[in-house]
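Have a look at the structure below before the remarks.
Order of writing sets the chain letters: A, B, C and D. Residues in each chain are counted from 1.
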Amino acid sequence: MRIRRKLYEIIFEADSPKGKAFDIALLLIILASIILVMLESVPDINLKYGHTLHILEWAITLIFSIEYIMRVAVVQRPWRYVFSFYGIIDLLSVLPTYLSLVLVGSHSLMVIRAIRLLRVFRILKLSRYTQAGNTLGKALWTSREKIFVFLFFVINLVIIVGTLMYLIEGPEHGFRSIPSSIYWAIVTMTTVGYGDISPETPAGQLMASFVMIVGYAIIAVPTGIVTSEMIRGSRNNNTQVCSHCLHDQHDNDAVYCKKCGSRLNEDH
Amino acid sequence: MRIRRKLYEIIFEADSPKGKAFDIALLLIILASIILVMLESVPDINLKYGHTLHILEWAITLIFSIEYIMRVAVVQRPWRYVFSFYGIIDLLSVLPTYLSLVLVGSHSLMVIRAIRLLRVFRILKLSRYTQAGNTLGKALWTSREKIFVFLFFVINLVIIVGTLMYLIEGPEHGFRSIPSSIYWAIVTMTTVGYGDISPETPAGQLMASFVMIVGYAIIAVPTGIVTSEMIRGSRNNNTQVCSHCLHDQHDNDAVYCKKCGSRLNEDH
Amino acid sequence: MRIRRKLYEIIFEADSPKGKAFDIALLLIILASIILVMLESVPDINLKYGHTLHILEWAITLIFSIEYIMRVAVVQRPWRYVFSFYGIIDLLSVLPTYLSLVLVGSHSLMVIRAIRLLRVFRILKLSRYTQAGNTLGKALWTSREKIFVFLFFVINLVIIVGTLMYLIEGPEHGFRSIPSSIYWAIVTMTTVGYGDISPETPAGQLMASFVMIVGYAIIAVPTGIVTSEMIRGSRNNNTQVCSHCLHDQHDNDAVYCKKCGSRLNEDH
Amino acid sequence: MRIRRKLYEIIFEADSPKGKAFDIALLLIILASIILVMLESVPDINLKYGHTLHILEWAITLIFSIEYIMRVAVVQRPWRYVFSFYGIIDLLSVLPTYLSLVLVGSHSLMVIRAIRLLRVFRILKLSRYTQAGNTLGKALWTSREKIFVFLFFVINLVIIVGTLMYLIEGPEHGFRSIPSSIYWAIVTMTTVGYGDISPETPAGQLMASFVMIVGYAIIAVPTGIVTSEMIRGSRNNNTQVCSHCLHDQHDNDAVYCKKCGSRLNEDH
């Protein structure tokens, strides 16, 4: 039982020297396995070193499988870990290699291991990065309705513009169908602009110019949404709590509670 | 008369279970009809299933026609509905299919039905999304003069840059005419960059570099305009002044002055 | 002498009905002349209607020449007008056509007439647009040092990245010389991405990926600069002047002058 | 010894007329040498004037070498200068030409001299530009954790999206390997969009559309981060509190409390 406790500390915590060493080793193996998949997909390298890479891939998958089993074994509530975010990612990181025995090519999916690198924040000063992540997430979450309305508007615009361009340019200029015209509209509106499809008639170029200027202008909208949320979020970081009515959202320059009028006691 | 009242509730309101069911059914049919038009424009699919899709399109158009007539029939003031935003969109969604009997190809215009999807916000918690939309719209509306001045500046710049590039590069490098050079200037300034036209002479590339850096810099302007409007909009618009210490920047939910603790007197 | 006074009102002012009509007519002729130059540059149109367009161009130029002479004639201080911003633009709008008698092709430069359209703001409610323009200009001017530092950094980065790419990819992959590699770096950093030159070696693609992510990130910098200036600018719009020490930059919530302590008298 | 003192003033300071002249001359030579390297890389020019450019390059390198030796000679603490930022850049600006005797082509690296242009800020009003640079740097530094979290998220997304596109499109549509698919994902996400690789299958175009819209939206995140930091930085960092009414948001130039008119007591 003491061994289990010890293993738990090494595997799940990053405070002790051994736990930290375990986490760093794990990160290095994850990185190695991602580079492995990438190299394997390069034709020249696969031709030359394919066999070696294949063996290494299985070796790493075995290490991860053992690690996964150990995590389940040493944790207090195994099911809770299995269905936690990290538990699911850990399992998904192992599956593709086994799956490749049945389904050829599916082993590439093991790049999902990249998400396991999230553990890097545990070794670094966790709390500050988590807080930074939370601030970003909160700003996005608070503005979800505005983002939803904005996306709805963009999707509608893209559908209508795509259809109009299909009618204006037509299949003979590369706008083969409405879906591919909508694809063009998205490529243009987001200012990506591959150039694989581009308008050739004067009317089409006029329409495209309009779409571009609109796209250029409305990029300001999501930026405005997120920025104003972030500024709002960074303003109210006051942690004072009124000792009388327990209200806790005070401005930084508050001296009295705005809800009940009693003096806030930070000065004590 | 009671049937009319009942139908009104089902068709125009989304609070009752039946009304909600009606709205959800409507949204699904709208989505289906948009996907229909898209599929029909894909050559392979049209060749195979063209006939079936054609029948389905007419079926949906008939449904929408009946729905439109019913809306006009059950509403208290028909003309007001007919000339309302939704009334016009509802009519425009039906017309293209009938128009296609006379004008070949015009039925694609029925993607305007996408706008009918706006009704989705009625099923969701309407008010919050409407408010989000209003905040966005208000921010854009308040900054309309700045946006107008900005657009004027951009259009001028694009005309002058386009003409200069026409003189520098000329028709032999793809800059066939001033309008198409202006099209190039817009493609470049908005950072879309198709690459269908691109400068080839050193002088043209220098000019293009200048345009790109300017375009890169001035994207900051619309963003700045919209963001500062949004922040101003989201700030407190409370006009209460504390009668005791004259502090006047209170939050909207303040009951007591946060500076001196005396009661704010709006409730009087 | 009274005729001169009258003509001055018509030509230079936009308040009286006649003055307004004059300005609107002028704007329409300017627009027509710009469209004229554009049409003339389109090969097909030039072939067909070249002669007509040529005559129209000279007609408009004559009108503008007469207008320019009249402006000089009726204004109180002719030289001041000639060397004012509008005076120079008015002259430059006329010159290219005459210049084309000597220098073939130079008549395209008359698109500079587009700047004359600035007069449109005189017909619209002038002051509000001027103010909007001033706010934008002031925000850019206040942040000129930050923008200069930023541009210096970008230009340095682009020179170094361009040279490195020239060494990595070399002339055999389209990076023909250092200047054209710097051109590529600008195309990439500003996210324009024509694709006329693009890296082909793995090392070049890695370098390009790095440049793109940096370019993607640093677009935040000019946006941040301009936005924060605009917010600062939109905050201090207080027009109170201290009657005692004449200090005039007070915050909106100021009750006493922060410079001399005497009460501000807006409440009187 | 007095000569050394004098030389120090001329070389290291920019206040005296001689020092200023020295700095301006230096800047012009640096600019000339950068233009030199660029010209040398252009095949046509190199063929014609290669020999002259080669001699000029060595001449400038000799001037810089002498300048470097003089800097080391006249400064009080030579080692401190040698290992300072400017000292290292000064040395690196000279090395590539000598290195080119051993390693062909390496002389292009002397564009690193561009960094020496930083000295331009010493001639201009140094402090204001340094401050502008500091403000920018501080805003980026304060938000380093958020930027790190953001970059981590982007890199993960790009790896997973790249792999999925490799599986969807495959080598037959230009997505030759996972690394080059990741390169495509970066090109798309950052809205650069060369078009050298672009999706051709419907599934790939759908995936690409999703990536573009996400890329379009998340550009708002770094902008939001930097902008909110800049605004926070530009806000008043004055910590004075009025001893009479306890108001604590005074401008930096305030002498009297703007709320109650009593004198602020920092001067005591």
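One rule holds for everything that comes next: contacts are C-beta pairs under 8 Å (C-beta built on N, C-alpha and C of every residue); 3 or more make two chains touch, one makes a residue touch a chain.
Composition by chain, UniProt nomenclature: A, B, C, D = Voltage-gated potassium channel.
Bear in mind the structure is a predicted one, so any value in this text is a computation, not a measurement.
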Among B-D, A-D or A-C, where does the C-D interface recur, judging by over half of the contact pairs matching in residue number?
A-D
Please identify the chain with the largest separation between its CA centroid and the CA centroid of chain C.
A
Interface residue identity across copies chain A, chain D - same or different by half:
different
Chain B and chain D: spacing of chain centres that average the CA atoms, whole Å
39
Averaging only over C-alpha atoms, locate the centres of chain B and chain C and give their separation in whole Å.
28
What are the residue numbers in chain C that touch two or more other chains?
179, 182, 191-195, 219, 223, 225, 227, 231, 253, 255
Seen from chain D, its contact residues with chain C in the complex are 34, 37-38, 41-43, 105, 108-109, 111-112, 114-115, 117-118, 120-121, 128-129, 131-133, 135-136, 139-140, 147, 151, 154, 179-180, 182-183, 186-187, 189-196, 219, 222-223, 225-227, 229-231, 234, 250-251, 253-263
Where on chain B is chain C touching in the complex?
145-146, 148-150, 152, 155-156, 159-160, 163, 166-167, 171, 176-179, 182, 188, 191-195, 198, 202, 205-206, 208-209, 212-213, 215-217, 219-221, 223-225, 227-228, 231-232, 246-249
Quick check: in the complex, which residue numbers of chain B touch chain D?
191-195, 223, 227, 245-247, 259
